[in-house]
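I've put the structures underneath this note.
What follows is chain A paired twice: with chain B in the first complex and chain C in the second.
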Partner chain A sequence: MRQVRAITVNTFRETIRDRVLAVIVVFALIMIVGGLWLGSISLGEQGRMMKDFGLAAVTGFGLIVAVFIAAGLVHKEVEKRTVFVLFSKPVSRGAFIAGKFLGLCGTMAVVLAGMGLFLFALVGVLDGRVSGMVLVATAMIYVQLLTVMAVTIFFSTLGSAILASVLGICVFVAGQLSQNVLQLTRLGKNPITEALSWVVYVIIPNLSAVDVKAGVVGEQTLAWGQIALWTAYLFAYMVVVLVLAAVVFRRKEF
Partner chain B sequence: MLKRAAGILLVLLCAVGVVTYQATRPDRAPAGARAFVPSPKFFLDFSPSFRTTIADAYYLQMVQYYGEHLKSGALESMPAMVDLVTSLSPRFKRAYIFGAFALTDAGRPNLSVKLLEKGFAANPGDYVFPAYLGYFSYQYGTGSKQENDAAGSRWYRRAAAIPGSPAYLLRLAAVLAGKGGEEEKAVVMWGQVYAGGDKYSRQKAVAGLDRILPKDKAARMKAVAPLQSTMSEKDFEALIAELFQGYGQ
Partner chain C sequence: MSRDVVAVKDLHKTVAVGFRRRRVQILKGVNLTVAANEVFGLLGPNGAGKTTTVKVLLGLMRPTSGSVELGVEGLGHVGYLPENPYFYDYLSGREFLGFCARLFGEDAVTRRERVEALLEDVSLLDAADTHLRKYSKGMLQRIGIAQALINDPELVLLDEPMTGLDPIGRVEVKRIIQKLHERGKTVLFNSHILSDVHELCSRIAIMRDGRVIWTGSVDEALAEGETLEQFFVRAVQA
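On to the complex of A and B.
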């Protein structure tokens, strides 16, 4: 446990030192300029536009940070050869993966909290009404990105960092679509494609199930019980993927 | 050395060329009246998490398209744009209202009514949709004037029945019912306005009833008699007193 905590703290410090917090500043600048521009062209729908585009931007920026840092975490240790020093001590591979993941969870929490709180304040100022749902939606984006991070770390134990990043982004996109693709293939009534898409649906994390962005602009009545269950499902998914990553990593020779 | 200088010169020439062209090129060619608008189904199937963001983006494009083509009146893509935005975001009220007026400018007021009906189906608790339907039915209806008035009255009455709707809707419904030849309904509606209204509404109700009720005392009494069961005795007596002022005992 102490080993995991040490790796977590070190990973957090290391990633924060990588100037990822600059993302918050870039996000803030884009949102301020974008907000003023949207206010002039949206016929009084500035608040709605800010929330919608703001949350999409939080997702986009968050995804880039999550995927690219997660993909490089393990490789960096191997390339710098710090992994040899680490594993010469009584540190298990599982503890290494868990510590790396938890450290990155902390970094992502800081990044998303920064963006979410800024968006919340900006919407409050420009729209004249505060919307707590913006923060809730940001929290759900955080859960989605944690899942993508776990998957990216898994891929990074299998191949190169670039491949892991690309696959991480692919999983994010597929996770948004898997449910709809399954429904579409059911319409085709072809048992083979239906079975295949069902397998994909089960393997790919169902990220769209915890998406509440539409609810922020009053477009969707949210079933909180269902969302809580799907959130628990995503955390269970992360555990499975991280265990698999640890198993793969254990087989690596250093 | 010469090679290096030639390389720098080439880069500089390219940079100057790029800047000069950007700075001096003619304005953007005017956009065509027909814009490419994807099917709402495509986005509904393939963007479950971002459909409202896409709706917003197309809403902005729709507003811009309207502004660019309003003068020429060539708004052929407006119906598809409005349909796309409201299908992706069925509770986007402003898109419906803006779309309804834009469609009339595009010469398609029948589609405005359909659009508002779609909005009302998606937002049954919002009085704004039947209120605008009342206006569009009255203003752009395809029937005779009396039929349009009656249709407008029916929508205003539906809007007035929705909790939170403003009091003037029932007054509008009553006025149009009277114009549309539905005097009996108009009497009942003016009665409702009177019973539930403030001083101003009561004045409007008395004036409205005075316009549509017969002048003959007995006929007038017969016409307002049904109102007795729709309001308190005190209100009814006050209304009768105002309606029969000057008629003598």
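On to the complex of A and C.
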């Protein structure tokens, strides 16, 4: 446990100080402000546009941070041979994976809190009243991105950082669509495509189930009980994927 | 008779390389013992298998066959400096050593004392709060030695510890190795700098092509050649 904590703190320090991260966050904030301009040309829907565009920017830039840092996190340690220093000490491979993931969870929390609070303040100024739903939506984006991070870390133990990044993004996109695809194939009544989409639905984390952006902009009523269950499912999914990553990583030689 | 801290018996290591997973035998039956409180030099040309032997000792690689035994209670009593070490860019020297100490579960007071003492030992107190990405190669080598000693290990494995050091840095590292010997520690190091080996080691082993081809004391080697360098060249070319 001590080793996990040490690696967590170290990973958080290392990633939060990375200049690339600061550049991405600044760019994300500029994009969120860009939502003001979109709002101004949207005929009375300025607040709604701001929330919509802002949350999309938080998701997009959060995804960039999650995937690219998670993909490089394990790979960089192997490539630059810092693993020699770590694993020549009494550090288990499982503790390494857990510490890396938790450290990155901390970094993502700071990044998303920064972007979410900025959007919250901007929407508050624009609407003249505060909307806590923006923060709730940001928290749910955080859960989605943690899942993508866990999957990307798993892929990075199997192959290169680039491959892990690409697969991480693919899982994010597929996770947004898997539920809809399953429903569509059920309409088609073809047992093979239905079975295939069911397999994909089971393997790929259902990220759209915790997406509350539509609820924030008032397009959909949210079922909070179901969202809580799906959140628990995603956390269980992360644990399984990280255990698999630790098993793969334990077999590696350096 | 002193106990063996390192015992390697008939160690073989084969790895698969390239797209077609061609099998290459790196170690072809290494036999080696290092006694407690020895400063032992592992010599050999590039590709002889020195680093691989050390990696197997540390569990970074698994042996294909043969055995390795460490006469210490696990990795908690071992220190290791890899060749051409690279550390975390955005951590300061002090933070990095603190992190290494945490991995051994040291309490905050011991951790702080140990980190400060080591920073002084490797002459990095002035640069302790500078990020490691701004360190020179020699400074990285010295912080690497400090992290290898953070747990006050009984066995210290140093892979090319003099690489990248200026003459003053080399003197400092030699002083550290001598101090470790005086404190009863066992040191095994790989080096190409034979004058340092001559100065520091009580015994040496020469590796070539995945095997140990000669083991003995420095005096025994000097009895067979005018200088250690001459003896080494003759041994690896034989």
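We adopt the following convention: the second predicted complex is superposed on the first by the 240 of 254 C-alpha atoms of A that agree within 3 Å, B and C clash if a C-alpha of one lies under 4 Å from a C-alpha of the other, contacts with A are read in each partner's own complex, and residues count from 1 in each chain.
In this section, contacts are C-beta pairs under 8 Å (C-beta built on N, C-alpha and C of every residue); 3 or more make two chains touch, one makes a residue touch a chain.
Given the structure is predicted, the values throughout are model-derived calculations rather than measurements.
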{"item": "Chain B versus chain C as contact partner of A:85, first or second or both or neither", "value": "second"}
{"item": "Which superposed partner A:192 touches (first chain B, second chain C, both, neither)", "value": "neither"}
{"item": "Contacts of A:2 with chain B and chain C, given as first, second, both or neither", "value": "second"}
{"item": "Which superposed partner A:208 touches (first chain B, second chain C, both, neither)", "value": "first"}
{"item": "Which of chain B and chain C A:18 touches, first, second, both or neither", "value": "second"}
{"item": "Contacts on chain A seen with chain B and repeated with chain C across the two complexes", "value": "none"}
{"item": "Residue ranges of chain C in contact with chain A within the complex", "value": "15, 55, 58-62, 74-76, 78-80, 82, 84-91, 95, 99-100, 102-105, 144, 147, 151, 157"}
{"item": "Of chain A, residues touching chain B in the complex", "value": "38, 41-45, 48-49, 52-53, 55-56, 176-177, 179-180, 184, 207-208, 211, 213-214, 217-219"}
{"item": "For the chain B and chain A complex, residues of the former touching the latter", "value": "45-53, 56, 59-60, 63-64, 89-92, 94, 98"}
{"item": "Complex interface listing, chain A residues touching chain C", "value": "2-3, 5-7, 9-10, 13-14, 17-18, 80-91, 253-254"}
